[in-house]
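Following: one structure in structure tokens, then a few remarks.
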């Protein structure tokens, strides 16, 4: 029977993608030609047999609501269980921390039937089967399991890191502002018995403390058996426009494509029912990802075209990301740019970004 | 094909039901033993063939979200169209008026395919077929049709009223604080072409005016053909705890029951899958409405029991409304009270209200 | 298609002739039960509550009402995008077709459907029985034992044992022999008609069984004995709780009376194990000023002006002023006039009982009234009419 | 049940023998079309887009893949709680059953299903044709004329007219006579196989037609002529636009080539009239550095390293380095190795083409490769293989 309930905790997410997260939360940022970031965690839940998913939305979640709809695309349109959107009680009050938000929805946790709870973020790009995490959690006799990923380079970015011993048991949790190669980055994803989660959450709330990672996990490392789970699959860290762009471009490597989209089953997203991409006589497309509903008469190189993009005759697109329904006029020239949804580029227009590409806002006419 | 899109405009609703609307919007107040007020308008939409319903929620809509779920109960879990929850962009900004809220969701109106739009409230109890309203709208060659109901008694209550001529054409819109018998109370429900709605909304927004009824309808009575539609069916006006209680008690008249629940087809609501009501050996139930999932061993007179209420041995309930999952202990005595959801009354407890009944808040233990 | 570890095949073709007029236009699994359900709701709810979301429902006799009742499976949360419920009538080939020859043949004919999901285990159940059971626990037991097949059993009184398929087990629950309805029972462990098979093993036995012209293609009579003969690992899984085959008018009536006790063995009001059914969206029941209701189940949409005692009223029932209903089952949309007396009777859906009619008596026999008979005023009917 | 003004009955039992190997394991309506669809998607999308939400799909030949493709109808928004899509195989009675004798008999056998909804009108359509049509406008036309039946017609070239059912109409569009595939056509207004009937009238004619042992129980051959004979009000409704019966390998190929023009008559990229299909959830297509694609349709899930011209690639197709595909249709999950040449061919789903293979030629014939043939390296195949 149902063992794990899933929680997508958006309250702590920082909107780090500049213009892309100006009017939407990071979980609903488009990625990979036809997805939004939240599709990855939702698909992981579906494939792990998790049928009860609570989305703790806090702000800028209108696009997210629209994307999630009834939850049908992820088979979460259910009578019992399914998808629950759980905003804070009163959005005008100040947000003290995720524990407050959880506590407001205590009855949701109490009435859910699952024995375990998995809390995670809404914007990690990965393929993980939480059944394996649960198995390992049980095998280790852990009270709490924290999922982490090794970091591959030195970079300025704010993350919690974990010290683990030889048995993967967590010794310490640090908040870091610069991450180094080999660091164990905590993915804000943790599994425990639901009953323990409720007890800890209530206890901490009543003490007037509100941050789950700091005030519950970090504060209880000695009191409980806290285990690490090292996620070893492909996982890009997206925490800036630069990393968003670079990891998007990495998808043009067929090996990355294979790992992310084929090896673990497909990723579910909202279906748009566009026709196959249409290449006209003059089209020249190389080393690019093209989604359905596109019509291409121009030149596309090293780029990603989301669903429903039109590239008119003579237009050139290089090293760029064009989101849904973009339209590039005749003889326009684009290089190193990211166009958010619905951007129209006029005939003959030239748009050139730098190494860190320029982002053009949703629905702009250039 | 689809002709009318429906909008449930919760932005203007006043939460007049004291404790019952303290933590929920009026549209989600329980009514009639197994419904919430919003079920009536949703069922009207379903039965009128309206498949595209936008809910402009503003505040305290968490219980509403939970009740609506994926929209499946009203057959609104659809790919194209269906149910859309549309909160304000930024809930922390001050609310200037419904036009601002509509304007923020302009793309929703623009991409909807229906030719007509019907805007209404979320908490009217009625059975109306909007197809007939549209027919009449076309027959009269109207630009805008306003639905109104005649008022049957003098009362202090804030409503807009309409002056109509012999051809039901609207001559004036007034804001009244005392309503008299025979007044035409405007039900904040209006029909027009979607294109006209969008034009008027944009135009008025750009003028810096934000109230649709005042700044669009009232201001344009001379410019457009504004027609009245007199709703003649059963419709209780609920604008206070007193009127809520009295109209609930009116449901104990089988004629009222017949008009509201049988003559126009059933009202859809969230299904709970409770068993039939169970009457034990000692039960004594007269002149009452009993929902499924109830277990009754005591005495129930002139009362309404919502789903899953337990009445223990020797308990007495008179002239009262007991909402979902209430539990009345042995030998307890209740008269003229309204118990919100999940209230537990201890053994031997006596609760007596006055003519205007006392309301006991959700989940209290008395 | 998704691979599924376990899928369920629900046999719902039963004719139920001993339910007489009730099954004239209905397959037995579609017969109303318990004030708001149909018999099949219990097994479908078991599947849903056990986390089994892929269910093939094998229909044949009078499938129409059953088909439209099941619809896309929404009521039981089986309207899944990638799995869910599928109604499987006997396949009609180009050169004609025929009804399922037996329970085993019904599964054999739908091997195509099963193979789509590439399951490890197939749960075979029947839509004829009233019980609440967590199949996931039985599957766990099946896995633990490393069984080829597991049969759910329950202890029955020795005097009734010869009506069942019975098995002898050793002290590890392994089945050592199986007898289908023996005249001299050696065991009182009866099969509930709930089986879990390793699909690969079952498939092989089904193929062989089809080759055997003498076989009746039945699980109890043919497949289980053949498996035992070949020394397959068959285990019994003991079920504790209420289980009833409501196959006769009398047992159907008894099962309803069972529900009326203060603390019935079959709890239909358990929020952790809801019994799902298609909801007709009716308003709450109205109990009028002069009505009296004792020890009864009454569903939504009823209007009661008379007296109801030890009875079950389905949705949409009207009971007129001065009428008395005792120890009876009143199925959906029955309209009972004024001053009617009904005792120990089952009134089938849609029947109209006119003022002053007297139905049933104390003789011990159950009176069955089936729709459209239009009982005349003051008529006295106390035997089964159909 | 809800009363519905109009319900649709979709005939999907077609064997499609002239599609040769493509319909060996598939009913014709389930044949892949247009890079991501199956043929039946066009009529189901027409229903959905026309606001018709109650659709009975009549299956018989090779129904399995069609059944599991349709599922509960989610793709076309036909998974409605109170209506939606129902798959209706021939009914298998206790004494055996038989295939639908003809199009009219198929409707006759499902009168029970239709009567559940008590409709005014029944729209009868076929799942074999590619076209976009707003049936609601045809229904309006039917109502305006006060017709008993309305038949959608389109003008066909005179030289092809004798392949169709043809009708003569007067100046109010009333049908004065109807000929099924006449040798000497007197009209070029051909029936599209799209009918609207007043259900009460049709039901009467179906009952009479069943009594007639000599009838072939077909709409075109029997029902329409019988209605005309009895002076019923039959009207033609003229359809403008693309319509194609993709009943042969050649016409299937042509219909695909039609889609490749810059501004095709059949616009499948119209957001106001989407063509719905079951979405396999595949990632975007990847076009590699040395690939070249011109005048083609390519679906999600493709990986293209070679050259593609005037072709249609369904989902999951792999085209190896140095391969060239021209004027061809590559169905789902076909894997094409390196240095392959394919010209004017249809490659059926799941086929693996090994390195260096040469398939098809300029002879004008279309080469059809059906799954599992495992084309060997450097083989040269230029005729139809199955």
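For clarity, chains are labelled A, B, C and D in written order, and residue numbers in each chain start from 1.
Just so it is clear, a contact is a pair of C-beta atoms (placed from the backbone, for glycine too) under 8 Å apart; a residue touches a chain by one contact, two chains touch by 3 or more.
Please read these numbers as outputs of a predicted model, since none were measured by experiment.
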Farthest chain (mean CA position) relative to chain A: C
Selected interface, B-C versus B-D, where C-beta contact pairs are more numerous: B-C
Whole-Å gap between the CA centroids of chain B and chain D: 46
Inter-centroid spacing, chain D versus chain A (mean Cα positions, whole Å): 40
Sequence positions of chain A contacting 2 or more other chains: 72, 78-79, 271
Shared interface positions of chain D, touching two or more other chains: 74, 81, 274, 276
Chain C - residues contacting chain A, complex: 50-51, 74, 77, 80-82, 134, 136, 272, 274, 276
Residues of chain A defined as touching chain D within the complex: 32-34, 72, 252, 254, 257, 260-262, 266-269, 271, 273-293, 295, 304-305
Complex interface listing, chain A residues touching chain C: 1-2, 72-73, 75, 78-80, 113
Residues of chain C that touch chain D when the two form their complex: 1, 60-61, 64, 67-68, 71-74, 79, 81, 84, 86, 89-92, 94, 96-99, 112-113, 116
Chain A-facing residues of chain B, complex: 23, 59, 62, 65-66, 69-72, 77-79, 82-87, 89-92, 271
